[in-house]
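For reference, the structures are reproduced in the following blocks.
In what comes next, subunit A is part of two complexes: it sits with subunit B in the first one and with subunit C in the second one.
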Partner chain A sequence: MSTQVLFGQLLVGLINGSFYALLALGFAIIFGLLGIINVAQGTFYMIGAFGGWMLLNYAGIGYWPALILAPLIAGVIGMALEKTLISRMYKLDHIYGLLLTYGLMMFIMGAFIWFYATAPRPYPVPPELGGGYNLGFMFLPKYRAWVVVVSVVFCFATWFVIEKTSVGRNLRAATENPMLTRAFGINVPALLTFGFGVGVALAGLAGVLAGPIKNVTPLMGGELVIVVFAIVVVGGMQSILGAIITGLSLGVLEGLTKVFYARGSDMVIFVVMVIVLLVKPAGLFGKEK
Partner chain B sequence: MADALSLSIKDLQAFYGDSHVLHGVSLDVAAGEVVTIIGRNGAGKTTTLRAVMGMLERRTGSITLGGKEVIGAAPERIARLGVAYVPEERGIYATLDVTENLMLPRKVNDRGMSLERIYKLFPNLYERRGSQGTRLSGGEQQMLAIARVLRTGASLFLLDEPTEGLAPVIVQQIGAAIELMKQEGHTILLVEQNFRFATRIADRHYVMERGRIIDQIPRAEIAARESQIQQYLGI
Partner chain C sequence: MTQQVMIDTRPAPSRAADRTLYLLGLAALLAAPFFVYPLFLAKVLCYCLFACAFNLLLGSVGLLSFGHAAFFGGAAYVTGHALKEWGLPFEFAAILGTAAATFLGFVFGYVSIRRQGLYFAMITLALAQMIYFLAFQLPFTHAEDGLTAIPRGKVLGLFDLNNLYVLYYTAAAVFLIGYVLIMRITHSTFGQILKAIRENQPRMISLGYRVNNYKLVAFVLSAGLAGLAGATKTMVVQLASTVDVHWATSGDVILMALLGGVGTLFGPVVGGVIVEMLQFYLADSGLPIQMVIGAIFVVCILVFRRGIVGEIQRLLGR
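Showing the complex of A and B:
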């Protein structure tokens, strides 16, 4: 096997891992704060990608503004859904939130298929990021390097905000004891809406980044969310750092499996999930109850 | 001196799920007054404080703060009117360190204590400022729970058994902090099982039993009614 193939798959793994990390991070924030298992996380990834495609094709707005706008659009849609529908689930068992977001996923995906069918739509790589670097042992396309860098930066920026700032402090307090946090004058319901918006905006960001690499189609989020779910379980359902590290590393593991045992690459993440559930049910970074 | 808030509760009914916990509680705390609610476990003392704080789903009757009706208000709104709450279980956050626990409650105005002053008052907390909140000892957690509400500039304090299960030396320190709040003219509604502690600082006592206020004892009558009080508390 050539090093070209090895590093090529490593890069593919890192890119997938970047998307996993962004989606899993959003998922963990939403689950921790709202207690909602957001099955529609992949849908917001698709909305981000489609948002970018629509901005370009209907409004002539290019990649760079879309990188900001599409996640914002996903976030605003998310906040509207939280206010109108998801907030009604908080007093119920987790399963109701899961069912509601599952329904939302099917509805939104169905609506996109109705209007756009499932044929993939290409999204061009922005000219500034065309071409690549010849590293000797492999060819590194600029755009792919960019995706990894942006994802990692956003993941760790989000982690920093949650762990080190006053907004993050309020979010952590609201996650741990919502009622008492309200009694300290903090508007927790507004914070929940905001948290949901941030969580889905991260998925939207992954979607815009994915546009030029993966084709834009209404189906793109559906498969991804199952992998993301496994990653969140491995990392620990509420763990922010766990979601980021597990997302990136399982993406790489998946890429490496393609090199060494291609047939196993689709299931390796789930095998890891099963092992982790058996050995450490709260997840690698989760706290045992 | 701060403009302390007065509290007036009239015919308060409160429920936990299907169980009816408060049956028409009425009490008044004047601005700057220190009042305790005493009574046995399960009498409804904690529920009364939680109802004032807006933390119960179902409550009816009237609760006014400085004349303003808040029976239907959300907890964050009540807090922003200048009410501070120290819960019985202390409510220290495990995911926040000591300083973050202190900084969490939203400031109501600029009349509260500075962080430096709070740390001067509670040197133990300063030493452990970077520790996870729940790593502190029980006494330190109670100090933190009280210290936490001194920063906000609130003027009505609801304190739920601040001395419960603490060593005498720590009770003294907590007592000094409450004394300080009183001197600054704040209004305090205190739930306390430790009657000796309560009599030292309170102007008046309400006695609660089975979700009702059954008696009221002014400071001057405490000595004369000692045996009756002991009976109320089941000592």
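Showing the complex of A and C:
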């Protein structure tokens, strides 16, 4: 087998892994903070991608502003949904939060299919990032390298903010003990809304980044969220760092599987999940409660 | 402490009123094909049984499975293959399908049952997704095409299932067997233990119950009955496809139970009828079915968590 194929798939795996990491990270933040399983995480990925496409096609706003605007739009939509609907679930059985976001996912996806049908819409690669580098053993398109770099930077920046700054301290305090955090005068409901917004904005960012690589279609987030579930289970539900590392490495593993056993590539992440559940049920980075 | 909404604290209903209701229901079941197209009814009954089987898990132990399509669709494929390629009669094909779903239920349950609540839902969804991918790759499932034009054959070697009335009453018999079984399980000692585990798991553990074993048995039973529903559906509509194992099917069955009433035995039947009718009428309307289903989901969860049957029971004060 040629090294071209191997490194090519490795890059594809790394890119998918970047998207997995961004989505899983957002998912883990939302779960840790709100105790909500956000089934609509993939939907916000789709909203991010569509946001970029709409900005370009309806407003003539190009890739670079869209890179900021589309995740913001996804975040604002998320915060509005949290404030109006999702926040009503906190006092109920956790199952209802999952079912509500599932309903929202179906509704939003259905609405997009209604207006835009399922045909894929291309999104051009920004001209500044056209072309690529010839590394000798493979050709590296600039845009793909950019996607990986941006994703990794954003993932670790988010991790840094949560673990090392005062905003992050408040978030972590609200996760550990919301009552006590409130008693210290911190506005926990606002913090929850903000946390949900950040979580889905990360998915939105993955969506804009994905636009030029994968085509934009209403169906793009539906299956993805199930892979993200598996990744989060492997990484350990509450672990921020676990979500990032597992997302990236399982993406790479998926790419490698495509080279060595193509038929298994759809399933390899789920197989890893089963093995991890049998050996270390709390996940690789999780703590057993 | 989170508020448990699914807890059923009503006093035991009066027996005489119940008997009247059962007889009325049975009469409706027998008379229905003379008023509505029997093929459609037979299909609806399969989905109703599917919803009841799913609810056996959520309603009694409080475990939300997001992967029941794997059992429904898995059995649909096995039964379809047995009918089409091996030419087995319906009874044996259905038994094979049910057995396959039961086995799959054991494997799924073994992997996932030790994880609580939300984990459990996510893991079952992920496991079911594996079955979905397998359906695209295994030789006997025929990828996107699925199994089509599956012959129905004869039931008990005597009655031709291509006769719509034979078809309907066979499906009705399967439904009835399944429903009565679920009712017996729910009211049995085993069912009471399941309920107790849902209400207070730590106490049941301290009383010496091996709760995971009870949960596993409940899961396997639920999977097997979902398989029976899938097997019968394949015979009725003569089709087994990737739609049967898709996550949206797992979502639909949750909606059926939720809409009808999770805390009730009959609720999933009502929910099944409504959701199937919706799908049937919306198919021609141009409205995207997903959007409508999503909207019903949201409304149900926000204002209507007891479901239709649950609300009626509350209004009647039972």
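By our rule, the second predicted complex is superposed on the first by the 289 of 289 C-alpha atoms of A that agree within 3 Å, B and C clash if a C-alpha of one lies under 4 Å from a C-alpha of the other, contacts with A are read in each partner's own complex, and residues count from 1 in each chain.
Operating definition for what follows: a contact is a pair of C-beta atoms (placed from the backbone, for glycine too) under 8 Å apart; a residue touches a chain by one contact, two chains touch by 3 or more.
None of the values given here were measured: they were computed from a predicted structure.
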| item | value |
| --- | --- |
| When subunit B and subunit C are modelled together on subunit A, clash or fit | fit |
| First (subunit B), second (subunit C), both or neither touched by A:188 | first |
| Which superposed partner A:177 touches (first subunit B, second subunit C, both, neither) | first |
| Which superposed partner A:277 touches (first subunit B, second subunit C, both, neither) | second |
| Superposition-derived angle with apex at the Cα centre of subunit A and sides reaching subunit B and subunit C, degrees in steps of 10 | 90 |
| Which of subunit B and subunit C A:107 touches, first, second, both or neither | second |
| Contacts of A:267 with subunit B and subunit C, given as first, second, both or neither | second |
| Smallest distance from any CA atom of subunit C to any CA atom of subunit B, in Å, after fitting | 9 |
| Of all residues in subunit C, those that touch subunit A in their complex | 2-6, 64, 66, 111-112, 114-115, 117-119, 121-123, 125-127, 129-130, 133-134, 136-137, 247-248, 251, 254, 258, 287-298, 300-302, 305 |
| Contacting residues of subunit B [partner subunit A, same complex] | 53-55, 74-76, 78-80, 85, 87, 91, 93-96, 100, 103-106, 108, 148, 152 |
| Subunit B-touching residues of subunit A, taken from the complex the two chains share | 166, 169-170, 172-173, 175-177, 179-189 |
| Interfacial residue positions of subunit A with respect to subunit C in the complex | 37, 85, 88-89, 91-96, 98-100, 102-111, 113-114, 222-223, 226-227, 229-230, 232-233, 237, 263, 266-267, 270-271, 273-274, 277-278, 281 |
